[in-house]
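In the two complexes below, subunit A is the common chain; its partner is subunit B in one and subunit C in the other.
Right after this comes the complex of A and B.
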């Protein structure tokens, strides 16, 4: 090895489909999730008393019977915890105080020696409510006729890029004013104007939310949580309960699925509130499946009115979007989804004139939060179907239409930012080819219809301008490296990818890198949140920097010991080598004990610990009236999906013949994991397109179980799915990488809707595109009889 | 509270356990025997995360009362590897990449193991039908089905 004369190295670990580093635990049942941690006999169990009304004033709460029930240790209500919490807008409290705003809102909580006793005690809490008129539609909620849900909106703190309108139910109004839309309509040869309604859906992690909290006698609180955001939770809980950040420790074990639902802070605050009353007792709170469906974050509903026009050659000229987001009872997180929906409201199209109003509305529905895609699935459902209609109206081949209008390097996007290089053309080509889009397929039998649909997407990480990542890389006597990080493994494979990045940057084998887990805010370095498909890019940069730093420390010591220059040295598979002297030494021991000085008079070096951090520093705020500014986001990941489907005429049932998906990931650090993300995201997207809807009637979810809220099963994904990716490098990503976790479910609903139209000639208003809905629409439109 | 004393075999070990009469097999495994590999996703027999083998049949352990298990033979995910050696299915699912968050994995592996026991060479359709009661939100199922296919005898 030391004979190598060249320092030109090919990548060995980055770009390889190495096996996951968390998988042995997961296949043997030994991986530790929240409810698997053993707390001993002092463990108490919490349950919450919840509002039975979607909107009501609380007139009286009497907890005395619950407190006296045998086995009950503590009862808490909102009066002890009045502080408001929120990621972007502080509009919620841990428990309702004077008013309940959605059905299922926590009003009180009980800690008891068993879960059954805690539940029974909750039923003994007496609450007098005075029901109020509810708001169950976002557009109505935004009007001046609707009752106010947050009369104190004007008093709430919020970040400086969210714009609530006190005296209304509008908690954010994001505007885009680019070019002159009104003038542009006159130039348009073809215009399409449509309305789409996208219902609320649920994330459905198979592991429901859970948390355990304990306060010691000094007042230091430890919170174990199934969490995407241990550091954000530390921050939010610390501020709400007036605990110093340093006295609040969040430990985050393996997460059994998140999809955005375990970001921010939701039910985790409840056991903390109880813990503050019972020093020394760990208190466990785990949501039932029913609670998971509607008492925690859901995906917001959206009503989108879209109008889009092009010239006679199919060049897009203008787009007008009016979006009403059904944010639910609190929009502390949802306000930023609305913002993201606004600044990405053109979709991945180059359009000179755009006018968007993206409005976040309080309703008496469950609280909307982050959901894989962060508004983009909902938005693209409207835009990409309108584009499909427009292409047809203009008489232009749909693939050609997408390619001629897709955003490309140098285009000015809706916010005024200049678009970076991207591979959307290649994505469209790959998908169109995979499903042979230009060829109309024949149905497999006369009782079926066949059609194809295609849709493109983009998504930027949606976050504050300055979300930070940090990492350390430490080496031990065996020459192996351990990476400290604060981003969470939620199934996407980030621990594997970070180990690959550290191995490549340091010069050790992938198998010789460990991840310091579980993430523990007391020992792990800071990470903003595991959201926004940002870890590979942002945490990856921090881990790479930490590994480079450790490598430099090692090479400096060895160079001095060998009386050479670090530039002539390298680390390959855990061996330090010199290209000049052809000396070599393993990393073992030297990374802890250092090396003897050349003259043998003492030692040099010592324990190696590299550190790295990363934070984007170039994102700017936007003008509140026009949404224009130099750089709204860090980057966009683009992609395309397509489906070839058949529909049963007798039932409206969809059969997918084949599907395809392609995304520009910049650089696939682990190609197998990229493909796994695309597969999982596509099926989740398809599930949301065909089956999923939180059915809300006057604020009541009528289908909170897996029987009534169906998600895709094995038999629903029994079709070939062609997954590819392209690699147009991200200028500030590690080896050019950017994220792809959320994107695969973004264009799926639209691609399916376009395929349904192609097959049946019927355009449905909004998902889920159930067999029943398709059948009735075909019947109504005279397509079948 | 009324308790039952039951004796059963769990992962080749004979266990005698006092269980409250309303305790489920899932609760007994997790809380009495500390076999936390079996997961609870819904407590209603709908998601399959808690699947274990009971007398060679896959059951939702949240739907079985522990008191019914007197004399039964139970296999949980912890019992699939023998003496530290993974089963072929465990090895294959690592290779195909059929694990993401891992929460459905224990139940999925048990259902697939039961299938392969009763049908050594299942077709893809048979695999998908056998796993239809095991929900997974991460993978889209492709690599799980591939793992079962590859572990089947040829």
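Right after this comes the complex of A and C.
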């Protein structure tokens, strides 16, 4: 054991900023994405006929003209596929059946020999609609005045931790009742009450959604999809189309950006539906940019009413949150965002009395899905700005206020769970120091204002209680290892991190580990989804276990051959060594052929394949009325961000002087990748803070292109960004690691809003904090003339 | 309803052998054909279904369309097929018309400017065209060829409405001539977009000034405004104020207010009319102050 211990202390690969193992193919453009795959001359193309109304009854669909159009091979509609599907709440169908609930909802689809013919045929599908009054505001939608969007809500299946209210548009109502909020207001010396509105935004991956499906003559279906969730897609499609899981194979090539949008199941079901009608034909469906903008997942909108109070010394006493989430036409995924927003609704603050109502509302807007942060950016935009205001009202230095109220080990969080050790104090210190927060900076010229803002965050992986990971590690004659896994590389670097984990646990060089890709549900081991910043922690545990298993198999064989005990052996850089006898042998050949027994009396060992799996087993459900329970989540990652900005008085334009971000990652398996995640997340957060908004007018998106949906480019991100991390270990993470994929975009809007306030003295209601909004707010508040 | 599946429609690409042939074809297919230079605007609009055509008539390479030359008497000639990057890199343009270089460099992205042309920017007749204002206050004159011969027309008399110009059936703008700049000219272009690169203008302000014995103030200023009226416009009243009154910070502020009062912007997805008006005032003031600082130095 001494050896094992000394090995733990001397990590060689874990903790090193090794280069990414997917960089060469991506930089050279040789990496294979969905649309690069060739499918031969039987390939057909799919297009969807979509609803022109945000809310309407379907009175009649006539596909006969489309079916007769030359080149058309199949036309499908909702009557062919009536099964409801959904991740948490089964409230949608592949195609609208009796009514359409958002503009762009698929009503029918066509497979044809060219995309143009498929498109033309879609235009020949006749649909009679009876338009209905729409719901375009979540708060109104939750009221009893609003028309019902899902009259059959009571009949829908859902998981046991989602609480729809049949007869209303409320698909989930998550409640927290901790302490006594009403009584606590009387003890508060200072109270802030605010409303924030956070608009819908889009993920805008460079690669739009795409999928190719083919059914063979035996009825086995293969789906190639740009996907974060090959296994979840297999599960959802299997259930919706009554295909056995074993007869459905999902292959997931490289992903050109996901950010949550390629989790769960959206447009991928359409080519599968067509494929079931056309055995032997691969059918390709790729979304246009316009479709990507408003027919697929978006980040749902939020209206949050927040009231928070503290005593005269600035100690937080009470928080009341009323959140209305604009879930759109289906909330099969969004209900769980609402739940996450609810159980994390205090933010990373220790507050004895909390009352939260987190309400998911159906509207006739695009469907809300997972988006990096999963509700946390929206939530923190509200509470972190209210906290900033409260600190000022109480006359307490903002950094001091954050540090004195931040959640710490042993605190009871809003759901009743006990908080684990975390590094939020150091995160705040690092950020405050990096932007010299306590010192008011001078503007660089007289026509600018300068201000600083800071905000803290937390986020737990939002998942069902039991999402599993599994992995295998196989060795080949050359002594190199191949890792089988089902989590997807979506740019975050997970293939690199998994190779590092396998190398470290097994005892081979990082360069000698390969990842078995692309992920293919027929060969790859199960992984729930690539979401929730969970892979480094969850899949990392599975890969580590598989590598440890392989290592044990190797050492057992060698120990037997050398007549030693495995405890005296080690594997270093692909060599098995004995600390006792000082013998050594390379892994080559022995990991496949085994070793001869002494005196040529046969062989021992054989091909080595290690297996590992991981699933959290301790997460409990919460009381539906109080949101209380022993353990709502697996863990929280905490962090802090700050900005030092200047604002042009003449235009309202923002210039970032410097920014800083720090997160507690438990253990940085690859420090360079941690920093890259923080940088990317920060810029995405800043983009959502200044530019991004889906402009919806009566259910119509008025800016469905890059002309008018602006995102930050490199020129908008040309400022110094100080990225640091702290490492307070996670008790059940590999080497103590926990995720940091989503977190860097969570506190950015609030930190910017606080900086804008510091610079201008004006609080804005909701992002994007455009130059126009800032300028007009300064003008209307008499800050400029 | 937005079209979820936009696509480039089928159309004929026509490559005439001469400008006369191009004009004849355009006249014959009036309303269904358009001259094609960079295509950076046409292709997007064709794909979106906003522009409907049967023919694109490629004028690149036809006589004179690739000309980019400077003559100290005649001034600068920019052919219809000359790209914005070619203009922005030309030593004579950099030396004599730095404000045009500045304006051209605010259009879209570098990659787009490898295709986009100044004449295309003008002929699209978008009020947001970033290079139009500067060409206008440099007294640009368009050289036009039609089936009935050639004519010239000053740029400031070219626009009728958004997307509409005085061009008649069969007419093609072959080039623009910018006269030699006034002695001692200083010019700037101020563009306000939502983010720093490649956006359309919320407001664009082109200003130039030069010493002028004819003006009581001793200086003449020209101001053109983008995205704040149905067509690119010149702020004549503001120019008059600057001509008549001694140039001071107050005069500049008065002129900026006059510019603001002259514009009639709309609310759209890029900005409100209210913000646009205020930005005309502020950016005009900023541009005038910057120009005056150099002139009076």
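What we mean here is this: the second predicted complex is superposed on the first by the 775 of 785 C-alpha atoms of A that agree within 3 Å, B and C clash if a C-alpha of one lies under 4 Å from a C-alpha of the other, contacts with A are read in each partner's own complex, and residues count from 1 in each chain.
The rule we apply is simple: a residue touches a chain if its C-beta (ideal position, glycine included) is under 8 Å from a C-beta of that chain, and two chains touch if they have at least 3 such contacts.
Note that the structure is predicted; figures quoted are calculated from it, not measured.
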| item | value |
| --- | --- |
| A:651 touches, of subunit B and subunit C: first, second, both or neither? | second |
| Partner chain in contact with A:47 - subunit B first, subunit C second, else both or neither | second |
| First, second, both or neither for A:721, with subunit B first and subunit C second | first |
| Contacts of A:291 with subunit B and subunit C, given as first, second, both or neither | second |
| First, second, both or neither for A:259, with subunit B first and subunit C second | first |
| First, second, both or neither for A:614, with subunit B first and subunit C second | neither |
| Touching partner for A:325 - first (subunit B), second (subunit C), both, neither | neither |
| Of subunit B and subunit C, the chain that contacts the larger number of subunit A residues | B |
| Contacts of A:24 with subunit B and subunit C, given as first, second, both or neither | first |
| Partner chain in contact with A:707 - subunit B first, subunit C second, else both or neither | both |
| Subunit C-contacting residues of subunit A that also contact subunit B | 288, 707, 711-713, 715 |
| Partner subunit A, residues of subunit C touching it in the complex | 1-7, 192, 194-200, 202, 269-272, 274-275, 278-279, 282-283, 285-286 |
| Subunit A contact footprint on subunit B (complex, rising order) | 30, 34-44, 46-47, 49, 76-78, 80-81, 86, 90, 93-95, 97, 99-106, 109, 124-125, 127-129, 131-145 |
| Complex interface listing, subunit A residues touching subunit C | 47-48, 50, 52, 103-104, 115-116, 119, 122, 288, 290-291, 294-295, 650-651, 653, 690-691, 695, 700-704, 707-708, 710-713, 715-716, 770-772, 775-776, 779 |
| In the complex with subunit B, residue positions of subunit A that touch it | 17, 19-20, 22-33, 35-36, 38, 203-208, 254-259, 288-289, 490-493, 672-673, 676, 679-684, 705-707, 711-715, 717-718, 721 |
